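Okay, so subunit A shows up in both of these, paired with subunit B first and subunit C after.
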Partner chain A sequence: MIVDLKIKRFDPSDSGGKTWWQEYSVDIHKDSTVLDALIQVREYEDTSLALRCACRASICGSCGMRVNGNAKLVCKTRVVEVAPDGEQIIVEPMGNQHVVKDLVISLDTFFDQIKRIKPYVQPDESPESGEYIASNESMENLLTSMNCIMCGVCVSDCTVLEVDSNFIGPAALAKAWRFVEDPRDSKKESRLSELNNEDGGIWDCTRCMKCVEVCPKGVSPMDRIMELRESAIESGNKNTPGYHHTESFYNSVKKHGRLDETRLAVDSAGITNVTRLLDLAPVGMKAMIKGKLPPILPHKSEDHKNVKKLYNKVEGEEK
Partner chain B sequence: MKYAFYPGCVARGGAPELYDSAMAVMKKLDIELEELTKAACTGAGVLQEKNLKMGDVLNVRTFAMAENMGLTILVLCSTCQGVMSQANYRVKKDPNYLKEINEILAEENLEYKGTTDIKHLLWVIIEDIGLEKLKSTFTKELTGMNMAPFYGCYMVRPSDALGFKENPIRETSVEELIEAVGGNVTDFSGKTACCGFPILFINQANSMKMVANHTGTAKDKGADAMVTPCPLCHLNLDGYQAKARRQVRNDKADLPIIHVPQLIGLAMGMKEKELGLQKHIVSTKDIVKKVEQISI
Partner chain C sequence: MYEHDVLIIGGGLAGLRAGIEVTRHGVDVAVISKVHPVRSHSNAAQGGINAPLTDRGDEWEGHAYDTIKGSDFLADQDAVEIMSSEAGDAVIELERMGVIFSRGEDGRLGTRAFGGQKVARTFFVGAITGSALLHVLYEQSIKLGLGVYEEWFVTKLIMEDGVCRGVVAYDIKSGKLHTIKAKAVIMASGGSGRVFEPSTNALICTGDGLALAYRAGAPLMDMEMIQYHPTTLARTGILLSEAARGEGAYLLNSKGERFMEKYAPDYMELASRDVVSRSEQIEIDEGRGIDGNVHLDLRHLGRDYIEQRLGYLEEVSQEFLGISMAEEPVPVRPGMHYIMGGIKTDYNGATIVPGLYAAGECANVSVHGANRLGANSLLDTVVFGRRSAIHALEYIKSVESASKSEVDLKSEQVRLQSILDRPKGESIAKVREDMAVGMTKGIGVWRDQSSMEGALENLNNVKTRVPNVSVEDKGKVFNTNLLSALELEFMVDNAEAIVHGALMRKESRGAHFRTDMPERDDENWLKHTLVYKDDNSNTGVRTETSPVKITQWEPVKRVY
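Up next is the complex of A and B:
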């Protein structure tokens, strides 16, 4: 089967670095992966092409690249999946990370993010004898996050990192969750308050689900970030606009069955935070003039009393 | 064709022009509606941060109401679509969890069997009505109009909950529509990214960078307008475009953000006011003029 590839090249040795696109065609078996095709290019078409791979079985996490715009492990991606009708396959290095050469990125960004969350168990004191014991059940829960192979695919496509390199990032936050939940760790509270308060912490995630979609190992980093938010609130971190936003939303639906948009904006900014409220005001004024502003008094669902009953029931169950 | 109508908060709040244009277009397409007046908010993923189960209870309650009516739920919002699809996916995958939720709903004599479908107006038009029938209602071909798609995260991810495998056309639904009205697609990589709305009140600097990058890139690539099935994206990309572009790119807001039914309405020959185009913060005058100049 003939596979057409369009590969983004980068040569750092050229003064200041040079980027260009190069096209190749290779003849390979129909069940081949994109990695097989790239190796074919490097071995037989162009020995100057730089790419990184090792295990070829989606375990080592070395071969993350963007294929047709989305980050993937190329060893886990079959050619027919991304080019079912023989379309040209576009391969680029991953995003949000420094490119070393062609398809190879530096892992420095990734590990700088991981280091920020102190990725090691911090127990209170040494056990009297032997090793730290954790029950099987308590560790099973952590498997989702421990499946992470540190490939950087989620970091590549994170929409927050695209605009803010200070964000801790999906992989590191999923790992932070793993230590917050670890029964042997004694720093749960301080970890949560740091993740809550730090610039680039848990509240900066936009919930866009890119990391959930691209992660090749089912870690679902965003879901872990949402659990961290829930835990942070539970341990009393109630000082962020993110907390006020969530709380206001939750209570608005409880009271009215629907959302009170005006109240949500005011609550999220903070009712006493005059600077932030004034900051929202110009857009609010423009919207009002155009006849777009949400109603000052909220819509109520016809059945809002029943909604409240359901809330009481679910909340009662959890107590 | 009849649907259980779930208009969502924004169509009746911050973007009333979406509601008006959707009603006008659906009338022309003979889409019959029975509104789910007793349904609650979907939680928009925000309520779920505090209490996921509460969100699932509220959504399953809505599914049960539609199931009793024997109708598919029609929504106007990417976020409603995504949040409902995720809840539906969760309870269908886990019968014990569904049973638990049904026990809570029993007080209202509701029980969800797991048969309700949720469809955005855009999917209803493409999958149930068909683009050919849609085209037969057009009086204008919007040739020469360049439009950039902007999906909204919840309309494209997670793809398994949204049924992309069973309905692959959903992945390119906005492009399909732009081509159906006779326009050109201005493609850009930001079309499935975040608009920045969810962090507008939390990290406004990042939110503004997203607005400026998306609208600026689409404009640079020659777009006359951006088309979105998500009213929340509209609120941010339209409402905050002036501020974002000034702050981040030091230029001006120049890209109108059009709702899906407004685009269809323009091809049906509907007037500016009927579609609420005068209500946008970023002026839509240039595209209205461009459409008017197209001879029938």
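Up next is the complex of A and C:
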């Protein structure tokens, strides 16, 4: 089967580096992966093409790249999946990380972010002999995050990192979740308060779902981040706009059966946080000019009693 | 020039475990690895790690005997005794470092069955045991501040007066060569799978460390012992772990028969790997295969069970064959998987070259002998990774700092430049493939005098082509083209030792099954084969044998 590829190249040796697109066609088996095609190029068409790859079985995490715009492990991406009708396949290096050469990116910042969350269990004391006793469920629970192979695919496509490189990022936060949840770890509280308070911590995720979509190992980093938020709140971290936002949202819908957006904005900023409120003012003005300003005073939805019933039902079930 | 007390080549399980040990002793150490440590091939291990945990009624002697029987009595029994008796502590230590081993009802570590053992003593993390272990050791290395030269490639061991004093290494990201001196070097560079085609091994498993040590004068031992794994996927050769059979999967021929009944009535699918691989090959060769494969059938285990205990296997089978194991049997065949042979060491990891230690798949201690039991390799990496570090620490106490000489750096610069300067020649990939296909053909599940001679002839032909392969990429940064030229040379050295080891052994034992000499011959061949590099001999090698260490288990016939 003939596969057409269009690959983004980068040669750092030219002063400042040179970027260009290059097209290749290779003849490979019909069940091949995009990695097989790239290897074919590197081995027989153009030996200067640089890429990382090792295990070929989606476990070493080397071969993250963008294929037709989305980050993927190319060893796990079959050609027929991305080019069912023989379309040209576009391969680029992953995003949000600096390109070293061709499809190879630097992983330095990725691992720096991982190191930021103190990625190792910190038990208080060891058992006198033998292993820690823990239920199988509590260990299996951690598998979701242990499945992470640190390929960087989620970081590549994270929409927050695109604008804020200080965000700890989906991979490192999913890793942090693993230690928060580990029954052997004794630093749950301090981990949570750091993740809560830190600039770039759990509240900086915008819940765009992109990491969930691209993660090749089912880690669902965003879901882990949401769980971290819940745990942080449960353990008393209520000092963030994120928490106030959640609380205001909850109260507003419970009380009025609908969202009071003005109140939400003010509550999230914090009624005493003058600087933040002043920041909001121009946004409010613009919204008003365009006729998009939500009503200043709350009004109840007709069904608000039913909404309340729903609340009671759900909360009753939780108890 | 850089300098350390201990330098460890390899960031896989053996290398990281050694590095952690040295760091704990407060001694200056660094790891050097051609890929980021978590990309090392240890992450591919799926099934688990063996340990006889005595606090739950298992006995280390039982594990030792299963290992020795599995090895077809070629393992050194003193080394196996050490591995088996230290196994329990090693696994408990991994748990305490943070590995999330699967547990039983009582909240203690749970086990699964593995081949060649009557007792279920394999500890595991789903079907991602290697990855889970490697990531946890990496976590510990961060905690302890273990330094790593990431994406640095060792091209040569520095020898001064017959003593190993460091390495010359190529920084892949800058294209610069450097000298790194050390009082002791621990080789933990993994296996040589790419010498064969196909193989379950990663593309980075090119036997670099075996070749480096071999060139420095260390003998390679029992290199003919190549493990063919019974369940590798059709076409790609990707592994489906023995855990599948450990959890109860059947092997079926085209008639739907569980053919292992004929070959290993007691152990069935869980006989030793060499035995199962050969049985499959007989079925295939006698016309009871399915397009050159047999079937691995898991359907009776049910989807939930498969997803919970063998999730990664289901993922692999879906991705590479588009088959769900819960619905259809998976076509599998024997495929090259592991090299039992390696750099000869004693049970402290010391090679015969002063200052050079070795551990993990590149070493041959020898605990696997002629056939490794599944889940014994991860154990080998952590037990002997640690031991080699402890003994290297002892050794360096009486060693002076290395000289400041950079002669090796200069000669390596010239050598690499001359490779870059070659005129356009043959393709590296093609030469490798020709070598690897020839190796699989000649040194396969079965072999005989003529197939092995065929492999030698093929290899000699390949050797004449190697100096002419060309490197078209002349760039400095991330020049993988240059690296593959160097890796090809390493693989050829491995192949040489494998073929000569195989030609030496005039019997059948474990993985070395000769159809022209089908019996084991303890009288003449209860011995290790040793191959030394020797540029003065016309074969390029010098061969020797050395006795097998027997402690308490006299060799008996091996039946499963």
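Here, the second predicted complex is superposed on the first by the 312 of 319 C-alpha atoms of A that agree within 3 Å, B and C clash if a C-alpha of one lies under 4 Å from a C-alpha of the other, contacts with A are read in each partner's own complex, and residues count from 1 in each chain.
Here, a residue touches a chain if its C-beta (ideal position, glycine included) is under 8 Å from a C-beta of that chain, and two chains touch if they have at least 3 such contacts.
Small disclaimer: the values here were computed from a predicted structure and weren't measured.
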Inquiry  = Quick one: is A:Glu131 in contact with subunit B, with subunit C, with both, or with neither? Answer first, second, both or neither.
reply    = second
Which of subunit B and subunit C A:Val212 touches, first, second, both or neither = first
Query = Is A:Ala57 touching the first partner subunit B, the second partner subunit C, both, or neither of them?
reply = second
Inquiry  = So in the superposed three-chain picture, is A:Glu140 touching just subunit B, just subunit C, both, or none of them (first/second/both/neither)?
reply    = second
Ask   = When the two structures are overlaid on chain A, which partner does A:Thr47 contact: first (subunit B), second (subunit C), both, or neither?
value = second
Request  = Check the residue A:His29 against both partner chains and state whether it touches subunit B (first), subunit C (second), both, or neither.
outcome  = second
Inquiry  = Quick check on my understanding: which residues of subunit A belong to both its subunit B contact set and its subunit C contact set?
reply    = none
Contact set on subunit C toward subunit A in their complex = 35-36, 38-41, 43-44, 55, 92, 95-98, 100-110, 125-126, 128, 130-132, 135, 139-140, 142-143, 173, 202-204, 235-236, 238-239, 308, 312, 315-316, 319-322, 427-430, 471-473, 475-481
Query = Which residues, counting only subunit B, touch subunit A once they are in their complex?
reply = 9-10, 12-17, 37-41, 43-54, 57-58, 61, 104-105, 107-108, 153-154, 157-159, 189, 193-194, 196, 198-199, 201-206, 209-210, 213, 239-240, 243, 278-281
Message = Residue numbers of subunit A touching subunit B in their complex, please.
response = 69, 159-160, 162-164, 203-204, 206-210, 212-213, 226, 229-230, 233, 240-242, 245-247, 249-250, 252-253, 257-259, 261, 265, 268-269, 279, 282-283, 286-287, 290-295, 299, 301-304, 306-307, 309-311, 313-315, 317-318
Remark   = Per the touch rule above, subunit A residues touching subunit C in the complex are 11-13, 29, 31, 42-44, 47-48, 50-62, 76, 78, 100-102, 104, 107, 111, 114-115, 119-121, 123, 126, 129-136, 139-140, 142-143, 146-147, 149-150, 182, 184
